[in-house]
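What follows is a set of structures to go through.
Two complexes follow with subunit A in common, the first pairing it with subunit B and the second with subunit C.
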Partner chain A sequence: MVNITINGKLVQAYEDEMLLTAIRRENIDIPALCHHEAVEPYGACRLCMVEITKDEWDGWKNHVTSCLYPVEEGLIVNTHTPTVIELRKTILDLFLAGSPRSTVIRKLAAEYGVTKTSYEEVPDGTDCILCGLCTRVCDKMGFSAISAVNRGHGKEIAPPLNEPPPDCVGCLSCAYICPTRYIKFTDDGKTRKIWGRKFKLLHCEKTGQPTITEEFARYLVKNRQIPEDYFKINDLSHRKELALKMGEITQWGREE
Partner chain B sequence: MKLDITKVPAIIDRHPRKASSLIMILQDIQKEYNYLPSEALHKTAEALDVPMSKVYSVATFYNAFSLKPRGEKVIRVCVGTACHIRGSRQIQEQFEHHLKIKPGETTPDMKYSLEVVGCVGACAMAPVVMINDKYYGTVKANRIKQLVGKG
Partner chain C sequence: MRSRLIVNPNLCTGCRTCELACSFTHSVAGKPGLSRIYPLDGGFKDLFVPVVCLQCEDPACARSCLVDAITRNPETGAMELDDKKCVRCQACVSACPFGCSLFDRVNNLVVKCDLCGGDPACAHFCPTKALEYKPIVPKALKSAG
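Moving on, here comes the complex of A and B:
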């Protein structure tokens, strides 16, 4: 354990964890759009910026993305100084210029008092903020069906060759993790459509409820040693077991 | 024209079969075909056991790679700061006029491709035009026609 000070309060943090985790454990609200516990920290959105210093730094201060900064003995963290607020405002101002129609961005910006961007709006700005959560979770799931393509202004998230991605199984992880809900899909209980691909859904033999896509089931059977009859029924006990198994596969479970 | 993709396995075999060979292989394929055919990308992904999405990501990131067939002669007009000041706009317009294509396009006879580039690191001889690997400095707009013939 290491001792750090967050907003004047002495707290203990686990070694090797990032500042953001320790800050959020103290129920301090820090915005972050590109952060998710399921994937490695990335530092793309810059919103979790905080001020850090140490007693021995002689008043020297630094501003860092807390999601990427490991905790350190004696660190003094301030999460809402005027400079930090100003930094976050600028970042939100820029996000607002890039994604003027995003309700998520607009709401978050409004919380910081930014209701209109002071920059020129990107004419064809989408709700995608290139946070990389979708590609990271897709990699983590083991599919790597989508990725960032092109560079600079033309950068976007897309499947290879802009064709329906052959490696996608329709698990919807990318759509659910997307902080601005930019990734769209449809699901009518029989068919699921995402990234220009169509997937047929399996149904629980007991309840008739839709479960997962045929492709996803086939993938889990083939690559993750899950028995084939596993997806026939979908009652609660079953789901817990599958969740644990998935946790094992993707190493989400925290080692105690 | 049917594309002869049979050279790709040999190109891949020249490199160690690991993910870090990706850019080298793509460079060699680009050199051979003057662009990256999608079949070649698929073959590379398969051989290196790298997801196709990652191969595509790398192939679209670097300007040195092209996913569309390029002409025999790739004309790069530098529009970096120094060249811009010394009239690269006119140079670019002259090329567009003579070749009847816009930057990023290729003439229908597959002879010429036109591109604009940021800076080629030869600002002292601005405005600069590159035709394939050759540099042409202090280019004048009235000599573009002559330049197109050369290179």
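Moving on, here comes the complex of A and C:
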């Protein structure tokens, strides 16, 4: 365990963990758009900026992204100093210029008192802030179906060659994890469409309810050794089967 | 000795108190959560079976989780789902052969039984002791039959 001070309160943090995790455990709300516990920290959005110092630093201070800064013994962290707030305001100002129509960005900026960008709005600005969370989750899950393409102004998240991605399984994790809900998909209970590719959904043999996509089930059978027939029925039918089987067991050894 | 959640269907009356207890214990921001335990028809007259996660030795849910969000709690032995890590791909919901990993559409969460961290509410509230949380000793096994 490591002793650190967050906003004047002495707390203990686990070794090797990042500052953001320790700060959030103390229920201190600091914004972060590109952070998710499922993937490695990345430091793309810069919103989790905090001020750090140490007693032996003779009054020197530093501003760091807490998601990428490992905890250290004796670290003194301040999460809401005027400078930190000013830094976050500037970042949100820039986000507002790049994604002027994003409701998530606008709400967050309004919380910090930024209602209009002081820069020129990007005319065709999308809600995508290029934080790379979707591609990192896709990589972590082992698909790597999407990635960042082009550079500078033309940078965007897209499948290879902008064609329906062959490695995608339609799990929708990218759409769920997207902090600005930019990734769109459609799901009508029979087919699912994301990144321009269509996926057929599996259906429960008993209730007809849709479950996951065929491609995803095939991936789990092949790479995670899940027996194929587990995917034949949905969770409700599985539970009913279990109840009937356990019901049978209660009758064992009973005289008729 | 580690305690287990012992289900005795012969004592279950199907009153669904466990469902209520579970749902309110796992409420999210004031909204009742989806229950992780269901008394279902056992196929015989007046027989109800409370179906709950079996905390398998080699769990399909953990094997199917591609972001390692489901891990075993060494203290309780329960397979616990870390909601902060979960990416809602619902692989575990489809992969569990007992259907005990569920998707809560109201709160948009994947949920499964975590034995309430070692003090299951369902066992507390069960009026007929069809659900009990206690260490397994050979004697207890015998009297449960």
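By our rule, the second predicted complex is superposed on the first by the 233 of 256 C-alpha atoms of A that agree within 3 Å, B and C clash if a C-alpha of one lies under 4 Å from a C-alpha of the other, contacts with A are read in each partner's own complex, and residues count from 1 in each chain.
The criterion applied here is as follows: a residue touches a chain if its C-beta (ideal position, glycine included) is under 8 Å from a C-beta of that chain, and two chains touch if they have at least 3 such contacts.
Computed from a predicted model, the values in this text were never measured in an experiment.
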Subunit B versus subunit C as contact partner of A:Ile177, first or second or both or neither: second
Which of subunit B and subunit C A:Pro159 touches, first, second, both or neither: first
Touch count on subunit A, higher of subunit B and subunit C: C
Partner chain(s) touched by A:Tyr230 [first = subunit B, second = subunit C, both, neither]: second
Partner chain in contact with A:Lys9 - subunit B first, subunit C second, else both or neither: neither
Contacts of A:Val137 with subunit B and subunit C, given as first, second, both or neither: second
Partner chain(s) touched by A:Asp167 [first = subunit B, second = subunit C, both, neither]: first
Subunit B versus subunit C as contact partner of A:Lys200, first or second or both or neither: neither
Residue ranges of subunit C touching subunit A (in the complex, touch as defined): 7, 9-10, 38, 40-44, 47-49, 51, 60, 63-64, 66-67, 69, 82, 84-91, 93-103
Parts of subunit A lying in touch with subunit C, wherever the complex brings them together: 36-39, 137, 140-142, 171-173, 176-177, 202, 211-212, 216-217, 220, 224-227, 230-231, 234-244, 246-248, 250-251
Subunit A to subunit B touching residues, read off their complex: 135, 138, 143-151, 159-161, 165-167
Sites on subunit B touched by subunit A in the complex: 38, 41, 51-57, 60-62
